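One structure coming up, written as structure tokens, with questions to follow.
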Amino acid sequence: MTTYGYLGPEGTFAEAALLSSLGARDGVASLPPDVQLRPYAGVAAAIAGVRAGEVSASMVPVENSVEGAVAQTLDELASGAPLTVIGEAVLPVTFSLVAGPGTTLADVRRVGTHPHAEAQTRQWFAKNLPGVAVTSTTSTAAAAAGIADGSAQWDAAICAPFAAAVYGLAVLAEGVGDNPSAETRFVLVSGPTAPPSASGADKTSLVLYIGKDHPGALLEILTEFAVRGINLTRIESRPTGGGIGDYFFSIDAEGHIDDQRVGEALMGLRRVCAEVRFLGSFPRVDGVRPTLRRGVSDAEYHEAQAWLSRVREGRA
Amino acid sequence: MTTYGYLGPEGTFAEAALLSSLGARDGVASLPPDVQLRPYAGVAAAIAGVRAGEVSASMVPVENSVEGAVAQTLDELASGAPLTVIGEAVLPVTFSLVAGPGTTLADVRRVGTHPHAEAQTRQWFAKNLPGVAVTSTTSTAAAAAGIADGSAQWDAAICAPFAAAVYGLAVLAEGVGDNPSAETRFVLVSGPTAPPSASGADKTSLVLYIGKDHPGALLEILTEFAVRGINLTRIESRPTGGGIGDYFFSIDAEGHIDDQRVGEALMGLRRVCAEVRFLGSFPRVDGVRPTLRRGVSDAEYHEAQAWLSRVREGRA
Amino acid sequence: MTTYGYLGPEGTFAEAALLSSLGARDGVASLPPDVQLRPYAGVAAAIAGVRAGEVSASMVPVENSVEGAVAQTLDELASGAPLTVIGEAVLPVTFSLVAGPGTTLADVRRVGTHPHAEAQTRQWFAKNLPGVAVTSTTSTAAAAAGIADGSAQWDAAICAPFAAAVYGLAVLAEGVGDNPSAETRFVLVSGPTAPPSASGADKTSLVLYIGKDHPGALLEILTEFAVRGINLTRIESRPTGGGIGDYFFSIDAEGHIDDQRVGEALMGLRRVCAEVRFLGSFPRVDGVRPTLRRGVSDAEYHEAQAWLSRVREGRA
Amino acid sequence: MTTYGYLGPEGTFAEAALLSSLGARDGVASLPPDVQLRPYAGVAAAIAGVRAGEVSASMVPVENSVEGAVAQTLDELASGAPLTVIGEAVLPVTFSLVAGPGTTLADVRRVGTHPHAEAQTRQWFAKNLPGVAVTSTTSTAAAAAGIADGSAQWDAAICAPFAAAVYGLAVLAEGVGDNPSAETRFVLVSGPTAPPSASGADKTSLVLYIGKDHPGALLEILTEFAVRGINLTRIESRPTGGGIGDYFFSIDAEGHIDDQRVGEALMGLRRVCAEVRFLGSFPRVDGVRPTLRRGVSDAEYHEAQAWLSRVREGRA
């Protein structure tokens, strides 16, 4: 039996991302019999569950195209017992307005939802349900769950379409998000493990600590990537806790640690940074392969290595 | 009469930062008679108050050494009607546990506070008041205010020491924060205005938008600073809302827009970025002057400019 | 009356380059009546003639695609009283074997020529006139002149085709150069003067002195150009005379000193180099216009300058 | 028997450099019995002798602190059958004025010497023997040899002090060079061989060909060195023969090919250059060890390599 955790409760975008990642197109029912899921009440708990061995891996959000990075996820990965990112998922963030049986749009006086969802649906409500009151919940799914179990003090919930089915609620309106291109990226976090083999369309996740008082350090770091033709897809600065101005960087780079250029860049970072934490290499969910400039393919690295061996021995 | 706004309610760290910035060492009472303060219920409201002309400027938090950037502040500054950062303040984040008259530490079963403060005091409570329950409030000051006005469903509040005095509460414990070096940086935001004169120890705040699909753009941006010997003190990436992977950068650089090297760098950024928003040049609260490498002082810029004029006219 | 000097004697490639530069397609006879030419015995003399005011400008070779830089030209320009490069010319280096009336190819036992020409025709002679002896002359034209005036101790001269006409000699063989793509670049050097107006297809010539013991200085110099999108067409290191390892750089860059990007780069070099000598901006003889990347055109510089002025005054 | 070649004839600075390199402090007489020397008439011949197997290695000049690079040496090394630079020598260039027995300074009407020596003694003669005529010889030693064997048409020779002893001539004046700090660097060139072991104070010699029409290529090359903390001690551009603007670079870098940072840089150059010719790693004659910045020592490379292996296997 393999158990996967996720940022719960049931019906969250994280659960949908996990099911998508596991290939379960028709929801929990379509999971293999030896796989089960476990919701956690927060990002920290979902990651702690991995460290405690309760679950093989947990799916947690890492960035949202409207709200930005999920700081707690970045910080949990950056310190404490080592973890490995073994996969990613990206979901469009579409919101539905859902309610119990018999409730109509005209009945809605108060809605429950997570503050992030409230922020992303504000324009829709201003136009379609002006004057509606909002109660904050710990997740969008919790707002739906409250209606399902009768504990809610709100008439309707703003949540993922997926949650309506999970909780058996009626959909009053679909697509109530203000930004139709909004999406959230999730990562699947396991305990320490060797990365999966390179797929040719991979990302590598890193945490880089720079010593204090080193003004050119970020430029130095970026140059280690650039000189080997490696693009970054994400860079976030986060405080180390040591005071204003003391940061670490959370980075996603194109490529796999087994790629020669990525391995060489990682060694370079290891040498110039105060600390490098390798978080994993995993297939990109979008399948995009990097466009390599001249001189950075594995074949060119191997040829150069063979040449160096020859010239070192006087056999050039 | 000049009115300043801040992230309220009364008793917040933001109010303390504003008073410090206005030189009012003994609190509101020591303000000049023609100055008054106005608390706002949130960062967005405090900034909207500036845009609406309700206040001359508002003091809002921009980063915390434990929690990181205050995303809402960055995003409010980055779009909408232009604003200018005219000052900064940095406060140590020290928490007190406060309660109404007659309450002792042994009586405390439930505390009220903001989730960020809860996260930063968790270890203290685990050790000193294990098993205490927590109610989330919209600010640490709101938790104190609730006790003061009798509406609180909690026995004690975790808040700024400053708030105890504001609300006339008793201090049950001081220094309950887990990280004694924690601090928060605030910025004082006004409407569009020319920057104050250069003090010699200044910062310049910028928002930089890069066009999509431009992998080397961050390196290009950092090079525009580095080639002119300008250090960065802060860099944050924030989503533009256009989808995962589409970022803008919020940057603080050493120096003043009237410094020649900073002006030249800004022109360079203006030419290579999709959009540059200048947020302001203001004196550093720590008074640190930049260490200039050879060739980047104003004197050297002026000499080079005069030389260029001569050689362009054949008078070298 | 305007007098131009050149590396003589009559019949050199330098004279041909000067005539080409003056638009005299049919040789000296087609010069305007108020223009006259003056040959000098060497590069140093031709340049000294400019400094002494004997001639308005002198045409001297600066680099050859087979032999490389003409060190004496670079060094004469790099120190001493200021000079200005006001134009360039590039000539294919084609050699003819010429002799006096009645001499046939079979009669040739010894040829006279300049050592550079000897080096560039060695394969032709090995194949076509094996065993021929060579006498070194101070120029290829001098070898031809010697035959014309009867003073030569050689039967034939290797020289420019142009010299055959100048000295009225018979051409025994044309195209006797081993490298059909060989060419020499010349510069027209005048006294100090303002550069001609930008043509849109210009080069700028510079001499850069770096302080000693500055290992990254060349990278720093190249970055000053690169950050403003300026390509170099030539870079030569030359000794300063201060000892092994102490160099200056002779550089040609694309663009005109009146181009904003070039002016800004020059100011940057002025600030970081021990010394910058501006030698001139002049139209490229090949008329090639630079391919500008985004952000470096004059229009973009002017727009950025106007923007900077606005934001400095709070009018962004 | 081991035979070494040098740029002759006997008495040249190159012979002195070779003797110095072989540890023969008292000249040829102090060489071991199984070592003999062979002068060649030119740089090309001395190098051809190595390729032909006539000598084990030849000592030839490569740069002079006044005249600059010896183009012929650079070009001979850059193409043709592979050669290896196995050592270097640097000699101060001090000139003596020498003559046959009975000649006094007042008798000297005409001196013989190589044009380079003439250029470097011009001021001395202008001051001390104004009006003296000069005959060019193929080397300074040849001028001395001509006096010794009676074939000279000059009264005295300007040559190395060493040559006076070789040819048994009288020294009329010492130190007649205008630049007392002038020096020449020589390289000892052998056939293909593995480099000597790293001494800790080494140089590595390279020839780099860049593809045509690649404006940023030099910056790219310098970055390959800089990112690994490697300084260059010499860089020369030379024409490839393909036309004006088509160059290769002759480079000396600090360090030994067996140093990890140098090996990695060479592989990087191999991947981005059209062609890399490794000419050798050899001990610096001045014994200067490189000042290494953080992260580029062999120990740091090995630690990073071991770390990479661990994280690739999931054992970080």
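We call the chains A, B, C and D, going by the order they appear; numbering starts again at 1 in every chain.
Just so it is clear, contacts are C-beta pairs under 8 Å (C-beta built on N, C-alpha and C of every residue); 3 or more make two chains touch, one makes a residue touch a chain.
The shown structure was predicted, so the numbers you read here are calculated from the model rather than taken from an experiment.
Undergrad: Which contact partners do chain B and chain C have in common?
TA: none
Undergrad: Regarding the chain A and chain B pair, does the interface count as same (over half of residue numbers shared) or different (under half shared)?
TA: same
Undergrad: Distance from the CA centroid of chain A to that of chain B, rounded to the nearest Å?
TA: Each chain reduced to its C-alpha mean, chain A and chain B end up 27 Å apart.
Undergrad: Could you work out how far the Cα centre of chain B sits from that of chain D, in whole Å?
TA: 60
Undergrad: Multi-chain contacts in chain D: which residues touch at least two other chains?
TA: 223
Undergrad: Return all touching chain pairs.
TA: A-B, A-D, B-C, C-D
Undergrad: In the complex formed with chain C, which residues of chain D make contact?
TA: 63-69, 71, 90, 179, 181-183, 185, 215-216, 218-219, 222-223, 226, 231-239, 241-246
Undergrad: Given the complex with chain C, which residues does chain B contribute to the contact?
TA: Listed in rising order, the residues of chain B that touch chain C are 82, 84, 192-195, 223-224, 227, 257-258, 263-264, 266-268, 270-272, 277-278, 294-296, 300-301, 303-305, 307-308, 311-316.
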